[in-house]
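Once you scroll down, you'll see the structures, which are given as structure tokens.
Look at the two complexes coming up: chain A is in both, with chain B in one and chain C in the other.
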Partner chain A sequence: MELVILILRIYTIFEIAILLIYTLRHFVFTFNRIFGEQRLYYQDIVDSDLDKVTILVPMHNEELVARDVMTQLTTVVDYPRDKFEVIPINDHSSDGTREILDGFAAKYPFIKPLHRDEGGRGKPHGLNDAMDLATGDIIIVFDADYIPSKGIVRDIAICFKDQQVGAVMGRVIPKNTGTNMLTRLLDMERSGGYQVDQQARHNMRMVPQYGGTVGGFRKDVALWLGGFNPYLLTEDTELTFLLFLRGWKVVYANKAECYEESPEDWGVRSRQISRWSRGHNQVMMKSMIPLFRTKHLNFKEKVDGLLLLLIYSIPLIMIIGIPVSLLLFFLGQMNLIDMFLIFILVAAYNSFGNFAPFYQIGTASYIDGVGDRLKLLPLFFFGFLFNVLYISQGAASGMLDVILKRNPEWAKTTRFRKKE
Partner chain B sequence: MLSALFKSDSSSLSLKDPEVIEKSQRESIASLPENLREILDPGSAIEKNQIYYHRSYRKLKQHSLLNIAVQVLVQIVLIDFFIFYYYPQITEAISKVTKAVLATAISQELIEIVPSLYIYDNVHVVTLPGRYPSLKLSIIVAVLSLTFFFLSISLKRVIEPKFVWLIFISFINLTASLFFIFYSGYFPYDMEVFSEMYIKTEVGIWIIIPFILTIALLPFPIKMIKKVGVIILTILYSMVFALVRYIVFLYLLRTTTYLFMALMFFMLGPFLDFIYIVGSYSLCLSTAGKQTQKKMELWNWLF
Partner chain C sequence: MLIVLVIFIFALMVFIPFGIALKELYYPKDDKPLYIDMMHSKDPLYFGKAFKKIVKENIENKIIIHGTQRIRLSKDEVVEVGGARNVPADSKWENIFYITEDFTTGNRTILRKDIYVKGGSVIGPNNVLRAIYGEQDIYLNEKCRVTRWISSEQDMFVSSGSHLGRSTASLQSLMLMPGVQFESMYGLPIMTMDSSGKGKTECLKLAAQLKNFIYPPRIPVRKVTSWRIVKQHISVNCEDGNRFRDEDDKSPLASKATDGDKKCFCEKAGFAPCNDNIWEVYKDRVVLPEGSRVQTNFVSRKELIIKKNCVVEGNVKSYKDLIIESGTIIHGDVFCEGDIYIRKNTVLGGNVFSQSRIFVGNNVRISFPGHVKSVIGKKRIEIDKNSVIYGYILAEGKGLTPW
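Entry: the complex of A and B
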């Protein structure tokens, strides 16, 4: 019995140590963002010789949102038309997406829809096929529910003037924030993730992440890397690590803002975070050893890369910790120190399971100028176990995918935009 | 300085000119849902009297080391000194009130206040005889918890946050009831041990609150008097909340048995304390945010 207690205690200490490391990490990020010197991207470069850009917009049954994103790209986005093409990827849609895209293509010659009715479905498949057709040197991806702003293509494309830059990530801002409690909380979570987390990692020359949308990458590099693995659910995380492991840099452009539609119900949210977690952990299983071996990253970047890779495994560690704590309780091992540890653990666990401690979200929201909505911060508590459950589910699936060599199917995020 | 007065920002200057907007653009925008038009419609640009730093790279001015030292001294050292000095008396007061309230429902002879050493002095805790659950109660709770647990999981729909919490509660109750069905005699705690752990944890939380709130609020340009006020109010709330929970816990443990001790321990203990600490932080920051957003002297750009 003593051995069992010892193992349980070691696990608890391991769990707390991991959570404290993440708390410290986010503390450093937060203070860097609020007090540190901010590192710009390349928006101040003025160059008339802009690279040719291909915009890819993956779509599967996106009739609710397709018209909006295409309208933005055709009438608002500001980039020389001779160096600009848009390839909306109609990926096995069975709704009116095809007709919408064809309508735009008839009107604008730089719109070149790719209708995919055969072959595997999913974003990586679509991106691979579209890259074969793309004539641009730079690929910029927008998800179908995004609303690109006027200067965003130039802002992202100009970064590639630096030959070390392999990918660029812009900032995602929810548009439907006021819809309900979930969207309000997601807005603050997004704020913490971009305004503080990504910008601090960019400031500190660590590992900012390419997020798969509102971002771009070099086409030739992506093709040289073999394109996207169609069986990984987070092609963005995969590309981030493939680039860093080969000596390329990822730039975070905090001013390159783009509006998105965030999930409006918990069902969609659960599938989204579960998919992110599954894909992220697939990449974690594949990238962990190369991360240690690569000579292209310094110690600081390796540590940050490791913590980034592990981030979606934390809820799994935590969910295993629940029965461990219960066992310790019934074995009479729950003393005062454990009570404190539990408290710290909860406090440390990134304030309610969303990878951003309360002070990180608070700081980000303060910088963003959020007022009354900040009062909702304690409500993240109610999503705590929800996040832990679905991220753990995704994490376990992702790890098993790699071990059992399974090929998961791509799942599309449901849209909520109203039809008019 | 970038805050120089302008009639309008550069983007609105060009966008407001109707000649710049092609007819097709306007038609496309008009066809959009209403909630998107405000973003896309160049005509909706607002004339600004002053341009503030864009959110992307603004930051706050760094505090001097002296300022940080004073904040730490006043908000942590001084407040914690009072807590360290008075916690024996505070816990004694809490225990006396708890005893008085419980005495209205439970025989007064059964309730005692006992001292227990903590840090350098005694805390005072309430003790009273506890009760073990009957086999029947344990089985009923086990069956109910198991049923709910598997029903929730087998329902092939998304489990919303409230259901996730209920599943968690069911899981704790299931574990506890199985323990009492098979190992009832081995339950390692009694009311006194529970009381000690609870009160000592709460004292620990009062000590930690100044640390958490001082560090979390450190970057923000909020007057120290306000920060001290927030910390003291949070500690006072914590004391009152600790008292209320203490009374409820002891009453429930006495009437419903030790079966639910694990639930109180894991769900309603320090777990709940963190919510109001974050609540205090968010209230303070929300108020400060509204007051300071447009005070240009508080913000820096890039450096």
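Entry: the complex of A and C
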């Protein structure tokens, strides 16, 4: 019994320590965005010698959105046409996606659709096949529901002028913000994630994350790394860590903004976030030890990399912590440290710590210059509970995938755009 | 009773934030997506082009008689339309000018609105102007102050002591005298001159001399598939204590280092070849010895000094300060987290980017004719005399040509 109590106590202290570290992390990032020195991004570079770029747009049954993204890429995006090609990847579609892509290809010679009717399905498979065909030095990926702006390709491609940059991540902004409570919360969550979290990590020369869309990477480097593992659900997180572990850098481009369509349905969102968590934890299991061992990262980068790897495990740690603390309470073993100190710590944490992520979201909204939507912040309490549940589920699956050597199936996020 | 009151207050405090949130959710005031300018694209000539477009649409394409009148541009504006115009000294003007011939101003004139000139423009000394677009040359006399932007389709001359606004652009040569402050500039090329007090003819003569520079053959940098870290290493105390000395200072840079202390060390990164171990790596800096030739891309985590007359056929990145000594040629891009010091008579073929400051010495060439490159410094850029840059300069902090 004593051993059990000891284990429970150690776990509780571990959980408290982890939560405090992440609280601190949220505050550091938030304060960096408000008061810290902001690092100059590369979009101001003007250069007549641009690299050749290949745009990849993975699609599976995307007839609702395919025309929009292709129209933007053919008529709006501003990049020298002799250094620009678009490979929309029609991945086993059974709707009208093929016809839409062939229509664009007939009109624009730089559109070269890749129709995949055989072989494995999923984004990593598609990207690997498309990279074999791509003639560009830089690969830029947009999901099919994205709406690229005029200058975004140049803004992403230009930062590969820094020879150490292996990948670039732009900023995603939801287009369907006003649809319902979920989309409104996701809009603010996205703001916090990009405007504060990613930008602060970029400012502090830590580990910004390549997010797999509205971003790019060097083709030769990705091929040299072996392409994308089709059995990992977050090929973007894997690429981020593979690059950092080999000394390449990922930079965040806050000005390279692109509209996306966020999930409008809690069921779709639960599957999406669970998939992200599962994939992220697969990468965590594979990258944790190499992260400690690499010589290419300094201490600060390693700490940030570790916290980034662990981020989708935290809800699971918290969920496990609930029965653990209940058990300790009913066993009368909660007196881990002096009660007065506990009171101070609990009061302090409830005043600041609990709300650290909300401060981050609030700060992002403030920087973005929005007003009344900040009133929605209390509703993140419900979003938090939802996220904890589904992220934990995904985290457990991801860890088991690696331990049991399972190969999960890739799943596409449902689109909500109305048919014209 | 007290308990009921406390519970009531507690419940109120808990639910008020949710009530406010639900009100915004069901009666939204702020539910539009964040704004993205879908037509934004980086263009150093943006201000001039945008103004020209407005002028074309609202003045040139309509029959407008000469004289002062109210015309709808982006909003209702008072516009003086006319031929050749000489604005008298010590006067203030609150209207837009649309001038079809030459435009000149006297001393200490204040022009608070934008000016469009189809002919040449000569702006008098000590003028304050908001913005000017010239289809021909623009000559800015001493100590002029531009508050917004200045753009020319032909040559532009900026005299000493002038303060350029947010953006300065010339489709041809942009000639700067000493003591000019700037934020962003575009010119093909941008030239800094030692010609204080000299007129336009003298400036043109000097510009021609600067343009006649014989560039070394341009070597395209190989595709970036890898780079090398000149590795952090070593064990010595190099007490030079005078890192940013003038290049004419002959004292040895690593006076305390012995041969045994020096060690060259390159690390294989990616699939880079690693065969030219010519670096001198010290505790706090890396040195590329005088006259070296390097054909790879490389990265230094400590201060990097590229000594005299080196040739680098690759890109360079330094996490600390970077000193490029005289006579060196770098064909690739230069990125630096610290300060960049570019000594006299160097030629850089690529972009120069610093998260800190950039100091460009005398008679430096950046970018080759026919190419456009950028010099971008977060905190400060100083460009000494007789330097020529084809392309774009941006100083987020302060930019100037020193006296």
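Operating definition for what follows: the second predicted complex is superposed on the first by the 392 of 420 C-alpha atoms of A that agree within 3 Å, B and C clash if a C-alpha of one lies under 4 Å from a C-alpha of the other, contacts with A are read in each partner's own complex, and residues count from 1 in each chain.
Heads up, the rule we're going with is that a residue touches a chain if its C-beta (ideal position, glycine included) is under 8 Å from a C-beta of that chain, and two chains touch if they have at least 3 such contacts.
For clarity, every value in this text was computed on a predicted model and none was experimentally measured.
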item	value
Touching partner for A:317 - first (chain B), second (chain C), both, neither	neither
Chain B versus chain C as contact partner of A:396, first or second or both or neither	neither
First, second, both or neither for A:377, with chain B first and chain C second	both
Touching partner for A:359 - first (chain B), second (chain C), both, neither	first
Partner chain(s) touched by A:40 [first = chain B, second = chain C, both, neither]	both
Chain A residues touched by each partner, larger count belonging to chain B or chain C	B
Partner chain in contact with A:266 - chain B first, chain C second, else both or neither	first
Chain B versus chain C as contact partner of A:160, first or second or both or neither	second
Which of chain B and chain C A:367 touches, first, second, both or neither	first
Which of chain B and chain C A:71 touches, first, second, both or neither	first
Residues of chain A at both interfaces, chain B in one complex, chain C in the other	40, 76, 147, 149-150, 175-176, 257, 259, 368, 370-373, 375-378
Residue ranges of chain C in contact with chain A within the complex	17-18, 20-25, 28-34, 36-42, 44, 186, 223-225, 227, 229, 269-271, 297, 299, 315, 317, 332-333, 335, 337, 350-351, 353, 355, 371-374, 376, 378, 391-392, 394, 396
Complex contacts: residues of chain B adjacent to chain A	11, 22, 24-25, 28-29, 31-36, 39-40, 54-60, 62, 157-162, 164-165, 168, 171-172, 175-176, 179, 183, 187-189, 196-197, 200-201, 204-205, 208, 212, 215-216, 219-220, 262, 265-266, 269-271, 273-276, 278-279, 281-283, 285-286, 288-290, 293, 302-303
Contacting residues of chain A [partner chain C, same complex]	39-40, 42-49, 76, 78, 137, 147, 149-151, 154-155, 160-164, 173-178, 181, 184, 187, 191, 205, 218, 220-221, 224, 246-248, 257-259, 296, 368, 370-373, 375-379
Of chain A, residues touching chain B in the complex	27, 30-31, 33-38, 40, 67-68, 71-72, 74-76, 147, 149-150, 171, 175-176, 195, 254-255, 257, 259, 266-267, 270-271, 322-323, 325-326, 329-332, 334-336, 339-340, 342-343, 346-347, 351, 358-359, 362-363, 365-378, 380-383, 385-386, 389, 417-418, 420
